[in-house]
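Okay, so here's the structure we're looking at.
By written order: A, B and C. Residues from 1 in each chain.
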């Protein structure tokens, strides 16, 4: 959070230097900064929104079925027939990206939602439960958080083989603990605040306190955190697909598209660059959006 | 109260050990919860029941899970990690061949990225709100969200395909000149550094700005302390804990990044060994690699915490 | 170096809130100080007093900008200096003493290092003579172990000592002008008196010109020659201290003077004593592990005995760390006592919240110090007031609506505020909502924990007035916790003085506060600055204990 808040004080130190007694024109750097902040937000929203729309409508808009062989040329460049060229088997890249984006965005959204629900849910719950259960839950999540996400996914894939439910499970096991940690520390901090103590001395039950005194004050942070988790999960799942251990053919997410066309890299094939850039723009867009949203919220509080 | 630091340090060490033990339990549980039979899996569908039974005995699969866990764990203590199922070589052997390569890659990356990130973070904090800070902010904000393989692909495209400075995706096994060295390490290190530097620089900047906003830095300013001295003598000593934390957390991220990078550049390290093991479902090797990575991660996080404890002036100057 | 004259003309300072338009926060301020004189800037929070004081150093905080005017120190026009010249001025010719010494010292550097840093940077003297001078200043400021205290780190010395060390840091270069920014506000009164004395002595001896920022007129009366009264960045009145105290010309100054001593015009209502409401016998509260005899590791309160009758108000006075808040929290059930029990309505209360009945919850209401934290920022005022009505009474929706409006009338808030969130209210309004919520339960006893301390004096005085009125009209009893003797005097019938967790004296308010028997009570009362000049010189109390006691 501090990191975000730091961005909200955009004035330089040197600017505080005082000039002569005459009045200066009112041109504060803070004011100049505002459009820039909005620009970042709009760029982020644009990129992220674009990919969400692609995930929803992409398969309908695709000019070809994703596994149709449309060209004899492999690793073909951009042409009017194939706007993003063709892949290693002569399939239309545009269609494949439009279809594959649904996996990348959809799986990540599901996994992020589940992670945050589970993490924040347990985080809230520990406030209600006895101390020793809270300790146990904390211990479990602390253990899970000590296993790097890719490690978790690799170990699970090696044991059970890859499948879409398993990938989601791996992502949730990796990212729910972080969501728990944040929600838990927020909830325990909020629980010590005076308005919660007022509610306790009023004789309110724990459930009321959790649902109506604590929850409304942490929901925004939980949502921001979920956005961050979405970005991480996109990176994790496309990384797994890139290693050939994620989404399996004939289905393909953007990561698998990069992998299957990696052979074209030495020729600078569009087929490998386009899906890689697609993932990049999705995650950068989401990150910019989250950052600018949490920045402006931080400044409202001040 | 005088011995608060040893107590805290010991507490932190033992808590790491407990976590490592629990992690090993999780890893073992996942890899032995197979719905099918590992022996069947290894031998394939056409194995005779006798063969499967023989392998089960050989692998110790007919023993209860808790006992197997104990054997596995004690194997770790003694360095006996079992045999690789796919090529019949001992896991220890396989890993010790590859480990130095990975460590070298990590060392070079760390040596380059940490100083660069610190300089970038400190510069951005000092020039807060200025053009440099804004550009750095935008660049790092984008870079932290970029997948490694995008950086790697773009690097190959630029340096190998367009500029033809470096060979694409090839590995030279003997290093005879600086040129060879560059050929091996330039692109993997560049790829790893990109994300790493962005992360560390952001966290360093945030940690430093936290201190620069404090009352004592304002006081120093009102004593006429020049800006450079304010940052280096006043703010930085108090930001050591958070910055160490940032560095350690980012380096632990390196563990994830190295998996992709070693694969994409065909680099013979421990991570690519693990990816192959996962593809071959070579569980003994996967377990061992996973434990190695998790231990490395825990050590890094623990070192960050120790740094924070040791740099706390209230604890240090009792 | 002797103090120099200071002339401020037409000072304008602007601020740009994030996402807002730049606006003026300090307007057309001007004053003149002769060498060696002390000017007090007095006003409430947001009056711009600190902003003006910092402008004397050519400094404006982040988001602020000195937009115009002139600050002339001796022959130097401070606002026309460039960055390097300004830096040479700060900590050399103009020095600053901040409000919170604990925050203004760098935790990771030794005190001596920080005290002499200014002198070394500006090349005033070498390290050895700077250290000697620092020790000399420590001695003059009556710090214990002057030769060795510099080797310590900020967290190793007490708040009062730290504040004096900061004075040494400011005076090390013999500045022509010293800015003191609420230097004693964070201290307890018994500590404050020594710090004030030390400040006054060293500044008088050196003939330093000074700006003294404060909200406390009584403190200012001891320290200043001139006063500038501020409100919302505008000058309200300016004059010699004697004139301001005796013949305030401006309405606002008069209200400040009245608010400074609420007991002058406010007194507890005459109420008939009812039955016993609350009784505590030999109470002990502590934290941590208990030993074999059931004694906790750290005892916060011990041997506490008190009784409150229906409709009566008991004031509990003590300094920070005296355990007074813990007493309220114990009665409320938030902290379980380690020995003794609380009798309410002649029935023993459960030590924890768990065993209490809804009726007991209703009859005892707690009002916390900071209304910022006591009101859930996510709920509207209506919701905040509705909730106790829902919990304790089964009322028809329309009746409840009327009741909420009645409550708003009771605490004198307009109904238009009902749909606002706490974040949109002022500090005083929030505290009134806080009170209204307690009143909604129609309690017999309200536990007030420093309810006026976080507020500006005028706002706090109004809240106090409201409390007196509610007592008179509703006959509610108070356990009123405060560090401020005059607020207790204006509200309470009985008083109890706490010192380090034990009651040192208790009895009728006028009895205890006018003829204190215990030494500590006498010191506590004697240390409260009086609203007249020359009090500091005649006051006999001093915290000699602090100097002789070993350092923390």
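As a working rule, a contact is a pair of C-beta atoms (placed from the backbone, for glycine too) under 8 Å apart; a residue touches a chain by one contact, two chains touch by 3 or more.
Values in this document were obtained by computation on a predicted structure and should not be read as measured data.
Can you tell me which chain pair comes out on top for contact count?
Top-ranked chain pair by contacting C-beta pairs: A-B.
Among the chains here, which has the CA centroid at the largest distance from chain A's centroid?
Relative to chain A, the chain whose C-alpha centre sits farthest away is C.
Counting in whole Å, what is the centre-to-centre distance of chain B and chain C, each centre being its mean C-alpha position?
Computed from C-alpha means, the inter-chain centre distance equals 50 Å.
In angstrom, rounded to a whole number, how far apart do the mean CA points of chain A and chain C lie?
45
Express in whole angstrom the distance between the two chain centres, defined as the mean CA positions of chain A and chain B.
Taking the average C-alpha coordinate of chain A and of chain B, the gap between them is 21 Å.
What positions in chain B touch 2 or more of the other chains?
If we look for residues of chain B contacting two or more partner chains, we find 213.
Hey, what residues on chain C touch two or more of the other chains?
In chain C, residues 59, 62 touch at least two other chains, as defined above.
If a residue has to touch 2 or more other chains to count, which residues of chain A qualify?
9, 11 - these are the residues of chain A that touch more than one other chain.
Any idea which chain A residues touch chain B in the complex?
2-3, 6-7, 9-13, 15, 29, 33, 36, 40, 139, 142-144, 146-151, 154-161, 231, 235, 238-239, 242-245, 255, 258, 262, 265-268, 272-273, 276-277, 279-280, 283-284, 286-288, 291
List the residues on chain B that touch chain A in their complex, please.
Interface residues on chain B, with respect to chain A: 19-20, 22-23, 25-27, 30-35, 126-130, 133-134, 137-138, 141-142, 144-150, 153-154, 156-157, 160-162, 168-169, 202-203, 205-207, 209-210, 213, 227, 252, 255-256, 259-260, 263-264, 274-275, 277-279, 281-283, 286-287, 290, 293-294, 297-298, 301.
If we count contacts the way the header does, which residues on chain A are in touch with chain C in the complex?
8-9, 11, 14, 16-24, 26, 28, 30-31, 34, 193-195, 197-198, 200-204, 212-213, 216-217, 296, 299-300, 302
State the interface residues of chain C toward chain B in the complex, per the touch definition above.
54, 57, 59, 61-62, 87-92, 95-96, 98, 100, 103-110, 117-118, 121-122, 153, 155-156, 169
Flag every residue of chain B that touches chain C in the complex, lowest number first.
Residues 213-216, 218-226, 229, 233-234, 237-238, 313-314, 316-317 of chain B touch chain C in their complex.
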